[in-house]
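Here's the structure we're looking at; comments come further down.
Letters A, B, C, D and E mark the chains as written, and numbering starts fresh at 1 in each.
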């Protein structure tokens, strides 16, 4: 069980708005997160990953406390080691496709499996700037999976994929998630696309 | 032709660049993260030599280093270290003098990298150190090269400070820029020309090497 | 290790000949460091590791003696002669009229406080009441060497320099010159001292060089370069 | 205290910076677009003074400017312009000397802007000129400021070149860095100190002003 | 009628692939462009806008020749003046939301209408870096519309919008397009989302 109870002041032109989230997420579930643009979905994922520290809050994962602002507990992102897919990909400009994966893991078999899963085998030696939008997004997915995370946070991970590709990726992703017994939070603007994979939802 | 000024210049520039690279990388990284009053003051101090005429810097270093009083006297009597008219003094002066050329471009490039790059690396479980070396540094490598070339070049061309605290002592402080000045004053134009040509060739090679290194990015050595 | 000798700029060509002669006699190598006398004194006072100092006057080495940078008082090794010099074939004999003409754009003298030859030139101009009229044309060289550089490269029409300049063996250009009347300036008595650094580190060599400068073979060389010796 | 060397220095640095800004912006823009052999050569030439000791530059300028032959003669007889021992000569020398400090950061910043920025502006029907002024320049304003400060500061501290072609003429070529050198050699440490303090204060104000200007971007003057 | 007939070599790790497009697009139509990730959709739009010059080809719009590589005709992007929405938005970091629109047009009424259409009235004074993904994308749409283009090229313009917002935007966009009598090419990975608006399609 992942228990989240956080409060974060978000900058907005007229003063500030408060993002309040209180949620319980079952382990091994796939939760769809949705809500209007600008409501704080990206911010929430970053808080879970430890990249943004909220003003107030608690995050508990299983029996581990990741964050407790009163007890001054706050695990580093490195200790949380979640798989994170950034909305803007955040690929490393200096690394080729395969170097991205080698940076994250030493497991060659796993790397090859991921490259196949992302249909990027032939683009292994490309750097991000020579990839199309969809190719970049697939690389971002692969990199997050490379560390075999127990928790996977995905910020609109399929927005640049065409329908066929998306179908293929989602299908295969389900297999991988099950295999890794990984808890998954997916921000998406197309709730339909997740029908097959998601078994819980969170509305912000 | 007496090659010793050329070697001395290269030695001075080499040692200075090396020292500054060792000191500069962590310092630039530290300065690039966050912002506090302490950091602002340290950064302002590091930046000063950039805007300070070499003769001002030379003057204050002369006063500080002179064995007649203060720090210089203390160093001379207690540690037997003399910083005026000595190679060690030139190294120290060059480090101070060229510091902003090493720190500036590196710090600036680090700040311009999107935050999400290091965030992405952290989520992969990588330490700050590993992230710095494998993600941040490679992505600022042209700026790094710039910083190194600038530092080396700036030390190569150092003249005012050396003239003031180094004098013109053969094999110790007579660097190429001083030797040229000296040769011109001696009307030994052949030597002046030779030294100038060597330095010209050297710098041309450096500039061209950097251009070639940066060719794919079409960047110049000042980037 | 060689002897480091601080040398007034007017000696820049002579010193090479003296070096060679001294080395052939004693086997001791000398490294000259050339500059305006005053600049060299400033450096010595700040700890420059020079062993012997050949000034262009007596007051700079005297001052060093007073402040304890030398053990002995300075001794005169040569007397210098101030000249007016040009690369143009102009009427330098009548330089006092010439310098006021429009065709003379710039006149070089050495720094009047740090270079004794500059001081002498200024004295002469003051005596002739030329200094004020001339001041817009005056260019100051850091030492007598820089004045020579300016003359030699034709960037000035005229310059006040030491007579030794025209005896410089390496000279490829024809120089036109006139001696400045000795009564117009105080005699340029050039003094030498052994410095503390030399006395402490190379006592024997420094003494040898000091003696050599006052020897007849050195005097012959000075003469050849247009200095007076006694 | 004689203030004229300070004023002269400020005037020289001001005029040089202004001239270089006017020349530098279009030149940097031109160099930042595409890449040809001609551009590489011009860029290498512009970069040279960065790595060349001031005494080398001063020596060649002295020869080039001499009114008895070549360029100097032509200028003297035809235009009645004398470049040795004149303020104009110092300005020209400073422009050459400081050129890489103006061009480098601007060109580099322009190249680092994503191509899609100007593309987006073009699709809105905006000319290259308008795009340059309203989109590109505002997005490199910290680099622009850097370039200006670097140029100004570098000229402020110019010493070697002035020592060789200036002639130490009060009100004309006796800039502050020379006045300080002169005072030190005269052992007039009080004057040296006064000039140094003024320049120190001046540069400190510049550095601080730039820090404050860049505060929101938390950038340093070298960026 | 817009007539396109172009050929462009696209860089790819193993040698090169050729993008060949031959199409006729009716004026005032809304054409949906789709095809697998990396097939050249973005490249095609850039060629039409004049931002990429193909090796070979012709583009004719109505009676005007925009590109004819044989006759060496090639209008500048400024002369073509199409509305272009970049896949990566290409917003100007130095300009606030409202400045973006003021840069493109002087028409204040139009600007206000666009701000309302994009639901960005309250964020007028924000710079792009302080906008969420969806807010940035809406600004990119508004900027392209600001010049009242006769041709509108949209590269995945709705990928970062939630479903409600997307519905609203598409509905209102249709009104604007009709009003401007604008020919529209939309690259999209969700052909469904365009069902309401598109009346032609082009598969790459």
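Keep in mind that, in the parts below, contacts are C-beta pairs under 8 Å (C-beta built on N, C-alpha and C of every residue); 3 or more make two chains touch, one makes a residue touch a chain.
Because the structure is predicted, anything quoted here is derived from the model rather than measured.
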*Leading chain pair when contacts are tallied as C-beta pairs*: B-D
*Could you please state the distance in Å, as a whole number, between where the Cα atoms of chain A are centred and where those of chain C are centred?*
80
*Where the CA atoms of chain A average out and where those of chain B average out, how many Å apart are those spots?*
44
*Could you put a whole-Å number on the gap between the CA centroids of chain B and chain E?*
49
*Hunt down the residues of chain D that sit against at least two other chains at once, touch-wise.*
62, 163, 184
_For chain C, give me the residues that contact two or more of the other chains._
45, 142, 149
*What parts of chain A, by residue number, touch at least two of the other chains?*
88
_In contact (per the touch rule at the top): chain pairs_ = A-B, A-E, B-C, B-D, C-D, D-E
*Quick one: in the complex, what on chain A touches chain B?*
46, 49-51, 76-78, 80-84, 86, 88, 90-95, 103-104, 143-144, 146-147
*asked:* Going by the contact rule set out above, which residues of chain D touch chain E in the complex?
replied: 114, 116-117, 119-127, 134-135, 138-139, 141
*Sort out for me which residues of chain C touch chain B in the complex.*
4, 9, 12, 31, 33-35, 43, 45-49, 142-143, 145-146, 148-149, 152, 168, 170
*What residues of chain C sit close enough to touch chain D in their complex?*
36, 38-39, 41-42, 45, 87, 105-106, 108, 111, 113-114, 138-142, 149-150, 153-156
*Could you please specify the touching residues of chain D with respect to chain B in the complex?*
31, 35, 40, 43-44, 47-48, 50-56, 59-60, 62, 100, 103-105, 107-108, 111-112, 149-150, 152-153, 156-160, 163-164, 176-178, 180-181, 184, 189, 192-193, 195-196, 199-200, 203-204, 206-208, 211, 218-223
